[in-house]
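Chain lettering (A, B, C, D, E and F) follows the sequence in which the chains are written, and residue indices restart at 1 in each chain.
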Amino acid sequence: MFVHNKRLQYTVRVSETNPGLANLMLEQFGGPQGELAAAMRYFTQALSEDDPGRKDMLLDIATEELSHLEIIGNIVALLNKGAKGRLAEAVEEEAEIYRGISGGGNDSHTTQVLYGAGTPLTNSAGVPWTAAYIDTIGDPTCDLRSNIAAEARAKIIYERLINATPDPGVRDALTFLMTREVAHQRSFEKALYAISPNFPPGKLPPDPRFADTYFNMSQGEGDKRGPWNNDGFEYISDRDRQSAVDGGDGGASVQLRKDELATLDKLIHRTQSDPNSNPVTGADIGRGVTGGKSVAGRPS
Amino acid sequence: MFVHNKRLQYTVRVSETNPGLANLMLEQFGGPQGELAAAMRYFTQALSEDDPGRKDMLLDIATEELSHLEIIGNIVALLNKGAKGRLAEAVEEEAEIYRGISGGGNDSHTTQVLYGAGTPLTNSAGVPWTAAYIDTIGDPTCDLRSNIAAEARAKIIYERLINATPDPGVRDALTFLMTREVAHQRSFEKALYAISPNFPPGKLPPDPRFADTYFNMSQGEGDKRGPWNNDGFEYISDRDRQSAVDGGDGGASVQLRKDELATLDKLIHRTQSDPNSNPVTGADIGRGVTGGKSVAGRPS
Amino acid sequence: MFVHNKRLQYTVRVSETNPGLANLMLEQFGGPQGELAAAMRYFTQALSEDDPGRKDMLLDIATEELSHLEIIGNIVALLNKGAKGRLAEAVEEEAEIYRGISGGGNDSHTTQVLYGAGTPLTNSAGVPWTAAYIDTIGDPTCDLRSNIAAEARAKIIYERLINATPDPGVRDALTFLMTREVAHQRSFEKALYAISPNFPPGKLPPDPRFADTYFNMSQGEGDKRGPWNNDGFEYISDRDRQSAVDGGDGGASVQLRKDELATLDKLIHRTQSDPNSNPVTGADIGRGVTGGKSVAGRPS
Amino acid sequence: MFVHNKRLQYTVRVSETNPGLANLMLEQFGGPQGELAAAMRYFTQALSEDDPGRKDMLLDIATEELSHLEIIGNIVALLNKGAKGRLAEAVEEEAEIYRGISGGGNDSHTTQVLYGAGTPLTNSAGVPWTAAYIDTIGDPTCDLRSNIAAEARAKIIYERLINATPDPGVRDALTFLMTREVAHQRSFEKALYAISPNFPPGKLPPDPRFADTYFNMSQGEGDKRGPWNNDGFEYISDRDRQSAVDGGDGGASVQLRKDELATLDKLIHRTQSDPNSNPVTGADIGRGVTGGKSVAGRPS
Amino acid sequence: MFVHNKRLQYTVRVSETNPGLANLMLEQFGGPQGELAAAMRYFTQALSEDDPGRKDMLLDIATEELSHLEIIGNIVALLNKGAKGRLAEAVEEEAEIYRGISGGGNDSHTTQVLYGAGTPLTNSAGVPWTAAYIDTIGDPTCDLRSNIAAEARAKIIYERLINATPDPGVRDALTFLMTREVAHQRSFEKALYAISPNFPPGKLPPDPRFADTYFNMSQGEGDKRGPWNNDGFEYISDRDRQSAVDGGDGGASVQLRKDELATLDKLIHRTQSDPNSNPVTGADIGRGVTGGKSVAGRPS
Amino acid sequence: MFVHNKRLQYTVRVSETNPGLANLMLEQFGGPQGELAAAMRYFTQALSEDDPGRKDMLLDIATEELSHLEIIGNIVALLNKGAKGRLAEAVEEEAEIYRGISGGGNDSHTTQVLYGAGTPLTNSAGVPWTAAYIDTIGDPTCDLRSNIAAEARAKIIYERLINATPDPGVRDALTFLMTREVAHQRSFEKALYAISPNFPPGKLPPDPRFADTYFNMSQGEGDKRGPWNNDGFEYISDRDRQSAVDGGDGGASVQLRKDELATLDKLIHRTQSDPNSNPVTGADIGRGVTGGKSVAGRPS
């Protein structure tokens, strides 16, 4: 069960209102790398987890992320506190209000008109949060790797926001949030490597014929070697050895039943193209040739 | 520049048509862990990458993933080859066709009616692919971690599909695809650790006051310790030490300009609630009390 | 700050696993009327609320909804507990597993293959949760009405799930959740009517010329009168009195600058259609008429 | 059947073109509280409604909302009339056009380039309209409450647009549209209360043990009492009385079959974490420690 | 202005209820090729159109599509009429209801539980309608081509539904709807070719160096010639003549300012990879090698 | 199989960085008319195509579109090259960075903060690419028409971007891309008309009673005739001849089983509205009338 304590995990002090800055902050409120995504990623993993240690850890961190969602949400709400009253009470004349909401240089016009200068679960472009951001698949060695990556990404978005935030109080709170992502990443790393072995993930073994191969698919000036295709990898540049690597013909075939074949033949016949035709087309007519004159063969 | 060779990277041999199985396979065609997501994740990273080695690797693997998209797409198309003709030519009576498309037990009815038993870029539930699945953020240590996790997830989805696929030819091709995910994960691991240091990601240092803290936010029977909160972490269970960790009051404040304050006050006053009232509500009326009698206090 | 207590708000006892039933339950986990939508609706309102009583109430109920999300999530996870191991360990042969995941008659195939029989934030059709479900706009009399409606809808979805759930333990927990929606609706009703006046919402008065009018836009057999268009409404059926109600010409006009007009004229002239032509079209050619013969006028 | 009369329901007079203002207006054309959402909400309800009076009312209002969609769409089209020709005919030099479309301060660049300064069904941030905005669930007491709330929200968005619109002709038309929302809300209110009883919605009774309870889930400075948790509610602050309210242990359990248990055990064993380990992790290596030296225990 | 006449454009007679068939029909109600998409495609074009003939035609057809939306919506509602009461009144026992909604073999479980067996604006897989389906861009020769294609697609979806619909009354109404798509396609064809010239669309001429070229990008067994790359096209198979066709080096370059270059260099240096390293990676550790031993070079 | 050649199909030369212009270019990278949509439209068609000529053509053009995606992606990446380093290295002070990312006048703030000034698969408003943009349905005469329309639309978007792009190198590359759309449209036209007949699409014939009818659904000042409703069409303006065109009553009926009827009757009775009531409503109370006085009949 979740309970709530009215004190924030970290005190928020905003110097002055700024709906444009509020809009940027939404990136970590309702954006793909934001706190709702983090909380829901770990919470959905915790629910199905059967390992008691990991389950506990996931609940601990999911809960903390909800508390972070509250912090960033408070920052947004406070930065919007001036805009909130302006439209509702209409204390300025319309032209001035119009300039105020359209002149911010970012999407704060949507935040203000549609959401009343509140805290919508969108990113900074106004795109609503979607669970498509969550990559939980229910395998612990995968999900922990996803968590490690997610924490790393969230750390960087906070870093960018700090770099773009003039307000010292906001920077201070963002630094706390950024720091916690680093700590969480460390915990998830520990949890991943406490499963042994954890690579390759899952149970089915890779096919040894193709497990150590590196296909040099992109060729030309700029080809490079590095540890990702050196020792431990067979580096294959020969185009002939890149296709049909199973030794077959590289085709795709299916056994059709007789009735399926007959039906398919009907369809193929009904819609077949005549490769030897040179038909008059809509584009031919559309180039301005009218009436009864054939335009076939006149390239544009 | 991309060019195309008509031979597949791996030969596909399907035993018999099966639109239900085709529908499952869509998971790796247009699903979140599928090949389009993989190709586009690496391709978008390659475009902005300035490190020559990583750029080359990302293009190599992005190109291979496009070739995998082609393989899984061919599997879907072949498994659907029987269904494709049936609806178009209507060689059976309607009731039989209806049973055929609705009796599959999964979403193949949509695949057949809407997409003509083709290869739509949806997952197995019919949800269209979205770039929201792609987590590229333009920082190499983050993006490589995202790639490592994505390869691990894709490996597992292939494993589940193999486990649920009776067709040996399909299993064979899926095993190739699964194996390549393992090889790619290894390459991305090498590339990540060829950047030194790579942790923490980015440039801004974490705040040392909060970098080694583990907050035991979820408490009760089931609390566990493990390497994710043991050595190297300060484990904090005291609820009082979990809130307002900066030493402030845990509040949220903003400096409002005089005019902002005045406007906000108007708004607050206009919409204030009377805590001492006990108003008749719509629910009260809706419970069936009519006319002039107060229904307050009558719990449902 | 949110904290977590390992005891659920309500004990969950599931009789037997059933991935099909788990799939139905997702409706209230990641569906539009589900608990995440509820929690986030109230939480986003709480963050911007300046009235102390309402802010407190919104936090109380948002927190409880998170605890409900946990309950319904546990139900889903437990109903899926059997399916979770099957695919991962592949203890049955493939054909049997295929039948198991495709024969459920609903979308549990996606839940199992893509999400590992976990608890994805989707509805029962596999559509990912989106913040587009949340209708918070930052005006208290609107948001409270939205909350009242949302609680009513959630009550009904629970009712339908109870009616379709054979498992007594699941029914018991669902009844608790359904009951709480009723209690929450009552609280939101009280909070709405504790604002006085609360109708019409907002500050700008309606135009008295059109505030009491009911336009009978749909006419024919089936026209009915009722309290929604009787006393207090002027009922207008005359089609002439339904259009251009301002007394104007019902047109749409704009003042264009001279240069705008000139540019627009160019565009209009360049793309104008000749109403007196009878052009040969692509459809004409496509009906099989070839070469130079005009097919105009031959209806299909 | 719908038919169309070329006169608008309300005459539209726009003073001058303004693509930035056009962009704001999209909020009520293709936004979540806009006229398409309104029309489709009522139209989908009307189709399934069996009560003759409500069916008629829903069709009346749905039809009027389509006429409102036409009004707001005309406003958008006229405000964009200058921008429409400029890009198509390219009468200015490129740098000037670039400044023109990027300097508006809102998302009109997308409207102009992608939609040709037309009337796309997006909100003012360019997010495409989605049926996820529609909350029809097919129960009349719920759907009418949803309609009441939706009309209230739409009224407020119009109010904000009026406050931000300098053009008197646009303000005039917006005031008509705003007024009609108020009238519609009144009709829906009448229709809701013409069903008796209408609370609680549906048929299943709430569990009396939990129907009058208010859980004080959020505690701390700021706790308030009000009519939403006073008379008629039992106010529960004791944390122990908030969890496992059924009197059980607050746990979550399921009866597993023997084979399910065996499979699950395999999975648990295969992926178990070692709580007593202190493994070297990727983050350890990533901090720059190379070769054979253990880095465990070195906090960052 | 839209007005509504209670008689449908076409009489609907449904033989018996069938929620599974209702679910299929949703394809043309809220699906991508369905009637809402059609109506909104033409309506959005009409609003911005300045050619009086086309504007009138677009309004005529948009209005008819709304009337078709009503027809298909009535079909869905009637097919669901039996399911509508069942869940709401719960006249059967739960197990039977569960079988009823999950045994349909398609997504009717979602339609029933979430939408109360109504008429949701989703496709047959339950995916909510989105304005992303609408391809209006505000250029008449493009939009008319889009309309022609859309009518063709809608015709085929109706054909598939007819082929899969056993109910004669439903087939009859679907045949009317299918027929009208053919008539509309013809009108749009006439309107396209009444603009002369209409190809190429727009105003800017193509670059004559590349306008008649066909690049044979996909090579191998299966290469074919046809009218699409024969007369009027230069057919280029030589891979060297396919890249850098402008005669440049096929590179991508930008002029950076000095300060940009300096900053970028910092970034490149900070995140550069060491191509000569062979680092120990997370995957190495994850394979089970512990402590101080390098695992580099041990392929999995 | 796809392979990659490091030389672009067309050399890209960008004069100077400009994140605002980069943001506009996204329209053709991850927008609805962009290159990913084109590549995936043709690729998904190719996979299921059984006609050898069309299959080859679709693969040729799909592959070329991927190469175009690479060109436009390089343009975006280069235009962003200055912004990429700035945020990551934070070489300016925060206030200056904030102005830099928010002052662009379009959505480049999102591109920079969330995507690190990379190449996200979004349109210029930041909306993630979705497969809902792809209209492949698996019928060749439809899909080719869709392709013709798609190429026309893409041509126009490139034209608008060229008109708004001051950078000559970018204009040059865009002109190449625009030109290729024209060439592709011509190929698809040839391929469509090489199928004979291709109109009407599909196999089922239209109902001759309704195939040549034009319904004048929108009436009033502005009614026009043109080739789209002249010769070959019967033009029907009489409202009575527009409804119930089958000669029926224009109603909608279904045969219900006895038990269905009984259940439905229960539902209707339980939720029926009383048309003769004049109930007190929530709006009445909300207007400020308290206590026991009826407010019915008092219009607002």
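Note that contacts are C-beta pairs under 8 Å (C-beta built on N, C-alpha and C of every residue); 3 or more make two chains touch, one makes a residue touch a chain.
Bear in mind that the values here come from a model prediction, so they are computed numbers and not experimental data.
Peer 1: Provide the labels of all chains in contact with chain B and in contact with chain F.
Peer 2: A, C, D, E
Peer 1: Do the two copies chain C and chain F share over half of their interface residue numbers, or under half; same or different?
Peer 2: Here the answer is same, because the shared fraction of interface numbers exceeds one half.
Peer 1: Please determine the option from D-E, D-F or A-E whose contacts repeat those of B-F, over half of the contact pairs being identical by residue number.
Peer 2: So the equivalent interface, with over half the same contact pairs, is D-E.
Peer 1: Could you please state the distance in Å, as a whole number, between where the Cα atoms of chain E are centred and where those of chain F are centred?
Peer 2: The mean C-alpha positions of chain E and chain F differ by 8 Å.
Peer 1: Taking each chain's centre as its mean C-alpha position, how far apart are chain A and chain C in Å?
Peer 2: Inter-chain centre distance comes to 23 Å.
Peer 1: Using mean CA coordinates as chain centres, what's the gap between chain B and chain E in Å?
Peer 2: Taking the mean C-alpha position of each chain, the two centres sit 21 Å apart.
Peer 1: Indicate the residues of chain F shared as contacts by at least two other chains.
Peer 2: Within chain F, the residues that touch at least two other chains are 1-9, 32-33, 53-54, 59-60, 62-63, 67, 74, 77, 84, 88-90, 104-105, 107, 114, 116, 122, 125-128, 130, 132, 137, 139, 141, 148, 156-157, 162-163, 182, 185-186, 190-194, 196, 199-200, 202-203, 206, 211-212, 217-218, 222-227, 232-233, 239, 242-243, 250, 264, 267, 270, 273-275, 277-283, 285, 290, 299-300.
Peer 1: Considering the complex alone, what residue numbers of chain E touch chain D?
Peer 2: 1-9, 30, 36, 40, 43-45, 47-48, 59-60, 62-63, 66-67, 69-70, 73-74, 76-77, 80, 84, 88-90, 114-122, 128-132, 134, 136-139, 202-203, 279-282, 285, 290-294
Peer 1: Any idea which chain C residues touch chain E in the complex?
Peer 2: 20-21, 23-24, 27, 31-33, 104-107, 123-127, 156-157, 160-166, 171, 217-223, 239, 242-243, 250, 264, 267-268, 270-275, 277-284, 300
Peer 1: Write out the stretch or stretches of chain B touching chain D in their complex.
Peer 2: 141, 192-193, 196-200, 206, 211-212, 224-227, 230-233, 273-275, 277-279, 282-283, 285-288, 290, 296-300
Peer 1: Could you please specify the touching residues of chain A with respect to chain D in the complex?
Peer 2: Interface residues on chain A, with respect to chain D: 1-7, 50-51, 53-54, 87-88, 90, 93-95, 97-98, 101-105, 107, 109-110, 112-114, 116, 122, 125-128, 139-141, 148, 182, 185-186, 189-196, 203.
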